[in-house]
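Below, chain A partners chain B and then partners chain C, in two separate complexes.
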Partner chain A sequence: MLQPFALEEPTSVREASALLARYGEAARLYAGGTELLLAMKEGLLHYDRLINIKTIAGLADITRDADALRIGATATHRTLERSPEVHTHFTAFTRLEAHVANVRVRGTGTIGGNLCFAEPHADPGTLLQVYDARVKLARQGSTRTLAIEAFFVGAFEVALAEDELLTEIQIPYLPAHTAAAYRKFGLLERPSVGVAVAVTALPSGVQAVRIAVGCVGPTPRRIYEAETMLSGKEIAAVRAGLPEAGELAGRAADAVSDLHGSADYKAYLVGVLLRRAFEDAYQQAMAGEATDG
Partner chain B sequence: MRFAKQVTVAAPRQVVWDLLWDIARLTLCVPGCQSAEMIDPYARYRATIQEKVGPFRLTVPLDIDIAEHNAPQRLIARASGRDRLLQSHVKVELALTLLEVDPQSTALQVETDVAVLGKLGTLGHSVIIRKGEDIVDQFATALQAELQKEKG
Partner chain C sequence: MAEQHTASRQTILIRLTVNEHGHEVAVEPHETLIELIRDHLGLTGTKKSCDMQVCGACTVLLDGRPVSSCTLLAFEARNASLLTIEGMAQGGTLHPIQEAFIACSGFQCGFCTPGMILTAKALLDEHPQPTIEEIKHYMRGNLCRCTGYKRILESVQTAAQRLASAGGAR
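Here is the complex of A and B:
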């Protein structure tokens, strides 16, 4: 049962940050609440005070500027799934958002909440890594920008200071001839394994590959060694190298055996999903579409 | 969930063995150990362990029974306790084996089998496994540091 708590409704980031500074560990930011309230109902977490940041104007906006798409932290998964801006530039993200958890979660859960709760079995953090996304963090009087890779510290832990908020996710537009894809697999509601791949390809060969693996380790992570193995080669050589890159990514993902499956099984799945995601992204890139898929 | 770790400590086996029974010093080596007390020497102990994974905190008062002690080479302990707030039960079996590498150094093998049952166990099984590995690692390293301190 949900224990009583006070609800704060700040109207600015500065005010929300001040509340965090004042109440410390007795307070927590609340956006969609799809993770937080479940944990509170189960009695796993308790806070005297929740700070509802959905009341902050503009924090759910999706805007474009010259070099990136900027997504407000309180934009819901549903909003992102339906956003023409997201679909135009980052189709793989649209597809991912259409399959996050279930429709109830997508309707209320926010992208910022998803990233900040840092539940290891989540989708967006993995794909955002191959997009080289950045997060904007704000506190009273200052802001900073961090690569999403550096934002994830551990399971349920992110690089936010006590009085800091995630306000925006910035996704740089993809280079020409580049597309991305995300594939996941799971028997439970949460995914057991998620793999994201971005490919820059020309008829002459595969110029660059970015790979990220999520859900199997405490945080999603880029697998740079596998990227190096596949980048700057002709497509036949890349395809021939995919099984080895998959094995490498499976090992590097640092899987553990748990209720989602054994470590070996997950490492194997990483390889399978890597091959599928690569092929998807490659076909999109070669089709010359302006977006990814 | 089983974890194993081996470290080599630059101390005679008897010195390492003695440290394992020095509650005040051992408490410092166990990550998250808030307090420990002896109930019955070489048989029963009590300790409270507090651990944190992100925002989740686990506080477990543990009853510890020494199942086997064979000086100065092997110790088996079983511990169990319950976090009232999280309604989660923790059971630990710990086996420590001390092997003499030479008169001045000892290989310490730490083997544990940890079970976390209840709400926390189902919500974050993989997280708990990883945390357990970290704890065993930190324990072995802290033990080594404590012995080095004595030596140095």
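Here is the complex of A and C:
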């Protein structure tokens, strides 16, 4: 059972920020509630006041800019799954969103809520890292943008100031000959391991590889050392190097043992999923698709 | 937002239609949609099971969209059209999806069935002729613990055929 709380319904980001400043830790932003309300029902979290930001006009919009797709924080997973703009530019993101939880959670839960709650066993934050996505954070009178990498601080912890809101996710369009892929595995409701790869490839070789690993440790993270091992090589050399890169990524992902599996098991799966995601992204990059998969 | 602060607790006055009948109800912010449906409106066909959006037993349609009524706040139904299992039959005639579940024995204990039928309705409204894979994907969040999935799949396929021959969804 949920304990009673008061509800605020601001109509602007400025107003929402002012409410956060006024009520501090006694209040929390509320959008879809698919994560927050579960934790509140279990008594793990309690707030005297929830601030519903779905009443802020325009905060769920998806817009195409010259250099990036801009996704409003309260866009639901289902909206992203069905967005032609997302599908055109970021097909792997469409596929990821189509497999988040179930159709009810996708229709209610928001991308901003997913990122801000920072539950480690989540998908979007991992793929957004290989897209080099940015988040726009706003408070009364000022905004800033931050690389998505810097946004994740720890399990359930993000780089938001007390009176700050995540308002937008910006995904830069992919360079030419580039495609991305995301692979996950899990036996429970939430994924145990998620691996995202972006590959820039020409017939002459693999120019660049970006790798991110999620779910296994406290936060999703880029694995730069493994990226360096695989970038700027002919495809045969890259394939030969994938097992070692996978081991490295498994170790670097800071895996923890929990109900989803032991740390060793997860580290092993990182290597398996890395190989699969790489091959998928590479094939698409070589097929010359304008986008990714 | 129509609201009033009583001595200590806030209430929100919302309007919605429930199975095509207009209602005006006062809810508190922390009340869930299933509490509104079962406790205020007395519509007990909606079942609470896992209480964490996983099993689908509490599924209802809000403006045609399947939601977990166990974890959606009741005030979110304001100005919306709510469909529960009680609204599927029309004047004593079962909905073709309900008839298909009976014809195919698509349930055993029946506890998951209202959620299964409403999810199937949302699916068929969107995709009148889904493939088996599309049905499985859309309904993977509806659990049956009597292990009746094969017959549930057959029920949804049969419902799609019946709706098509009857001239579309209703």
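Rule of thumb we're sticking to: the second predicted complex is superposed on the first by the 293 of 293 C-alpha atoms of A that agree within 3 Å, B and C clash if a C-alpha of one lies under 4 Å from a C-alpha of the other, contacts with A are read in each partner's own complex, and residues count from 1 in each chain.
Assume a residue touches a chain if its C-beta (ideal position, glycine included) is under 8 Å from a C-beta of that chain, and two chains touch if they have at least 3 such contacts.
Predicted, not measured: the structure shown is a model, and the values here were computed from it.
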Contact-wise, after the overlay, does A:118 reach chain B, chain C, both or neither (first, second, both, neither)? first
Counting only touches as set out at the top, which of chain B and chain C does A:150 meet: first, second, both, neither? neither
Does chain C touch more residues of chain A than chain B does, or is it the other way round? C
So in the superposed three-chain picture, is A:176 touching just chain B, just chain C, both, or none of them (first/second/both/neither)? neither
Could you look at A:240 and tell me whether it touches chain B, chain C, both or neither (first, second, both, neither)? neither
Between chain B (first) and chain C (second), which does A:101 come into contact with in this model arrangement: first, second, both, or neither? second
Would you sort A:202 into first (chain B), second (chain C), both or neither based on which partner it touches? neither
By the touch definition at the top of the document, which applies to A:260: first (chain B), second (chain C), both, or neither? first
After superposition on chain A, the chain A residues reached by both chain B and chain C are none
Quick check on the complex: what are the chain A residues that touch chain C? 2-7, 9, 33-34, 37-38, 41, 50, 55, 78, 98, 101-105, 107-108, 189
Sort out for me which residues of chain C touch chain A in the complex. 1, 3, 9-10, 12, 28-32, 51-54, 56, 59, 65-68, 71-73, 75, 119, 122, 137-138, 140-142
Which residues of chain A touch chain B once you look at their complex with the stated criterion? 28, 39, 42-46, 118, 120, 154-157, 218, 256-260
How about chain B: which of its residues touch chain A in the complex? 53-56, 85-87, 119-120, 122-127, 129-130
